[in-house]
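Scroll down for the structure; my scribbles are underneath it.
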Amino acid sequence: MTVIRALTGACAAALASLCAFVAPAEAQTYPTRSITMIVPFAAGGPTDVISRIVTAHMAQTLGQSIIIENVVGAGGTTATTRAARAANDGYTLITGHMGTHAASVPLYPKLAYHPEKDFEPIALLAGTPILILARKDFPPKDLKEFVTYVKANVEKVNAAHAGVGSVSHVSCELLHSILGIKPVGVPFNGTGPAMNALVAGQVDYMCDQIVNAVPQINAGTIKAYAIATPERNPSLPNVPTTAEAGLPAFQAQAWNAIFAPKGTSPAIIASLNAAAIKALDDETVKKRLLELGSVIPGAKDRTPEALATLVKNEIAKWTPVLKPAT
Amino acid sequence: MDIFANLAHGFAVAFSPINLLMCLIGALVGTLVGVLPGIGTIATVAMLLPITFGLPPVGALIMLAGIYYGAQYGGSTTSILVNIPGEATSVVTAIDGHQMAKQGRAGPALAIAAIGSFFAGCVATVLIAVLGAPLTKLALAFGPAEYFSLMVLGLIFAVVLAKGSVLKAIAMIVFGLLLSMVGSDIETGASRMAFNIPELADGLGFATVAMGVFGFAEIIRNLDAGAEMNRDLVQQKITGLMPTRKDLADSTPPILRGTVLGSILGILPGGGAVIASFAAYTLEKKLAKNPSRFGRGAIEGVAGPESANNAAAQTSFIPLLTLGIPPNAVMALMVGAMTIHGIVPGPQVMQKQPDLVWGMIASMWIGNLMLIIINLPLVGIWVRLLRVPYRLMFPSIVIFCAIGIYSVNNAPVDVILAGVFGLVGYWLIKHDFEPAPLLLGMVLGPLMEENLRRALLISRGDWSVFLTRPLSAVLLAIAAGLLILTVLPVLRAKRDEVFTESEN
Amino acid sequence: MADTMGHSATATRNTRLALGFCLLAIAPQIFELIWSIGTIFGWGAGRGPATVVTNHATALVVGAPATLIGSVGGGTKKASSEVLLALIYSYPLFVVAILTLFMTIRSAQDYVGGVVLMAVALFALWAGSDLQGMRGFSFGAGTAPRMFGGLLVALSAGIALSGLLTEGAALSHYSWRGPLFVMAAILFFALAIRPLGLVVTAFASFMIAALGSHETRWLEAVIVGACLTLGCAILFPYVLGLPMPMYPRFLIQ
């Protein structure tokens, strides 16, 4: 019995100490211990790969390791909620994303955080362009024909996407709202199965990030109509931009950026932003990001203020597109 | 001729010292991951991804692949020893494997699982090399309608594997299907039965429910008064470590059949590997002269499914290697690893990266050899572990399971949920419900619903697609036939029962 | 077993079962009440206990019958979630409880198993009642849950019925010590892993779980627990590289 009493005593003491932590960190010596970077998607995905490439260099600059923690679920909002509630001492950061910090606002009415109110923007890292893809025997030959065909056959065509809230879903919704149509969207569980269905010809078209699509396009198993960025991409020099192909309104990029919980001190944000910029200027980092087909932001887009504006604009851009969809 | 040249090239790559070492590390880590309850392959591969940054790409992928199929080897260990399936594919192994352990035959069960896995792995590797490209067509031929029919067939397998009442087994499957509905809806994103709990937003994890209804429930049941005697008996009964000649003779045909089934079903992305192990079990039970032995420690019930799941683990690489499309979450991580190294797998990966593809295929054979060399001597150690007094075993299992479940998502709520499912599982045992059909329903439920809805979306609501598409119709016909075969004897038995009762 | 019991014994058994089912019928309401007590201390957001009691009581006593009569009369007013809970979940179970009083139960194991499973299915039907149904040719979010929920109600009714028609096992004995301490260990682990870290949590949970068996010898348990903790502390973070807090948070900072 004494053992039990001792045990319960120990447990009680331990639980009491649970509430007694919280110690503010000093910004001057920041960082004094390792930093946790939450990535709201599975390891190996585009956001994860970009985060890992950039943070590996940032860790060298900051002199402390950065541990990547992949927290998956609910289109990345689980992780973002956790990050919003984390201590604002600069030791918990998150790689935010077009989905988590913009499209989520109209998609999830009960969202437990707000991208602008609960986060301090730090730096934009890289974006992955979005392509309009179709099965290889889909009749239209170019984007113009595609637009006419889809509008004419809106009852017959099937658009694939990788699940509600995924990049492929929201970008296709944007395309559809520009075209003023509402075709049937066939949901898949991730980009892999969606791509499989497209290669097999079970669905007609989809919008997806460049990373997965390049080898399939080069092998001729699927075809690409256009890339939704202002410039052509070096990994797909033959694919025209949407502006060139006649649909300039369709501009979409899955951007990734670092955020900290609201109230993180400006000094910490400044040092993190400097480290991120330094990483983006590094030649090896640049080379690896370009290999992925990413677009690296120019000098004026790298400040925290520019990121804040981007978030604001993106929320404004996605809200009318996604609001009626849900 | 070409294949031999390619394979020779592959072996040259795989036999380089660094790649051999990577293969060994992968096999060892995989075994460890498989043995530890709850620790999933996905979590481990995800955690080990950053380490592979510094390695050459071929070595990195050989290691990751080793973890994947190594875990399939190791997964059977906890199923047999303590009735905790670590992966969905080893749920069926627990049914007869653990019964064998209770009869003191854990050694032969573990050994036959290793031998079956080795044989299946070798055959499947050859199959990848020889028929990889043509088999890809199968993966592409399966559209939503075919998958739905396959899932229906899978659920019928779950009915067959039940040893008790068919009605209860069906109820458990439907219960599993209901549990699988928790979380966000794939088509609309609406939150279903999640009660605003963020951890439920993506549904109940397989590990959470499996650890609960198998792991924790088994522990609680063993702590019941009166259970001690049975446990002591088990410890005295432990006999030989290796299978007898009769065991081997009994297991050979199941291993062969399991290998064939697993190799074919493994190619199908999404659920193929899980269905493979259930299909193998069902096949063995249907072919057996005395099906009542199943669920009571039949060695065929271990040999068949274990061969099938390992064959499937190997052939599931086919879509990745030939199409560049990852068929499951672990493979998606491997694609991530390749992307980090600047290789984006696609349909041309075989031509563009012969080192990678053939090196990996060759390494799988070497890995399988390593796994059996690692695993057979381990059998002795595992069996000795059963001699550890239960009063020390059970708190250890609780801790291992808790850490394992926590590690999947770093979510404490998952651990609590597993505890709740432990109580549910305890209740199920007390009311003679079997947990295996429940788990199968849970695993197949989302796949079934998604594909049904996809098929109906594409066909614009026309239900006849399931019958007009030939592959789908064949699968449904098999399902219907199997259901009749299962239900008829039960009905007949019920009638006989009623007669005998009325005579009394 | 069942047939050795006298007639009066069966009768008391049935009364107890019926009472048990009645309790089951209002279990979600009771659960929410217990949960709501936390709001007094400011834990979590939600309604206070007083609101919960009045809302559910009015729903059970007044709201649900009113809706029932209203729907017969043709009114299609949207019912509140409490009323729906009473209608979909509680009332059917009350009916079952009343019926139980008049039944001869041949296999309590099957009968109780079926009824409880039916309760689960009814609860799922309620939980999915706010979801959208079929939309034209495509399934809504709620179609499949309702389909399977309904199917499970039918199947569990079949199981309960077989418990009435065929002889079978009686209720088996439940022990409390094992479940209690194993659950306590799991709960402690879940609550403590983040603030206290793996080392403290694993050892403490081991000891709590060990309380679940009367065979436990304490010295032995402490030694094994310590070794196991050490092993886990090396194995999980270092060998497998799983990110896990190791030591209590207040010690690190």
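Chains: A, B and C, in written order; residue numbering restarts at 1 for each.
Convention: contacts are C-beta pairs under 8 Å (C-beta built on N, C-alpha and C of every residue); 3 or more make two chains touch, one makes a residue touch a chain.
Chains and their UniProt names: A = Tripartite tricarboxylate transporter substrate binding protein BugD; C = Tripartite tricarboxylate transporter TctB family protein.
Fair warning: this is a prediction, and the values are worked out from it, not measured in the lab.
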item	value
Of all other chains, the one whose Cα centre sits farthest from chain A	C
Most central chain, Cα average position	B
By count of C-beta pairs in contact, the leading pair of chains	B-C
Whole-Å separation of chain centres (CA-atom averages), chain B against chain C	28
Between chain A and chain B, centroid-to-centroid distance (C-alpha), Å	32
Whole-Å separation of chain centres (CA-atom averages), chain A against chain C	38
Junction residues of chain B - those touching two or more other chains	47, 185, 187-188, 410, 453, 457, 460
Residue list for chain C, restricted to those that touch at least two other chains	138, 191, 207, 243
Sequence positions of chain A contacting 2 or more other chains	69, 184
Residues on chain C engaged by chain B in the complex (per definition of touch)	109-110, 112-113, 116-117, 120-121, 124, 127-128, 131-132, 136-142, 144-145, 148-149, 151-152, 155-156, 158-159, 162, 166-167, 169, 171-175, 177-179, 182-183, 185-187, 189-191, 193-194, 198, 202, 205-207, 209-210, 212-213, 215-217, 220-221, 224-225, 228, 232, 236, 239-244
Of all residues in chain B, those that touch chain A in their complex	45-47, 49-50, 53, 139-141, 143-144, 184-189, 196, 198-199, 201-202, 269-270, 319, 323-327, 329, 331-337, 339-340, 342, 344-349, 409-410, 446, 450, 453-454, 457-458, 460
Residues on chain B engaged by chain C in the complex (per definition of touch)	29, 32-33, 39, 43-44, 47-48, 51, 165, 167-168, 170-171, 174-175, 177-178, 181, 185, 187-188, 190, 192-193, 195, 216, 219-220, 222-225, 228, 389-392, 394-396, 398-400, 402-403, 406-407, 410, 412-413, 415-416, 418-419, 422-423, 426-427, 430-433, 449, 452-453, 456-457, 460-462, 497, 501
Of chain A, residues touching chain B in the complex	42-45, 48-49, 52-53, 56, 68-75, 77-78, 81, 107-108, 110, 112, 158, 163-165, 184, 186-190, 192-193, 195-197, 199-200, 202-203, 211-212, 214-216, 218-219, 221, 288, 291-292, 326
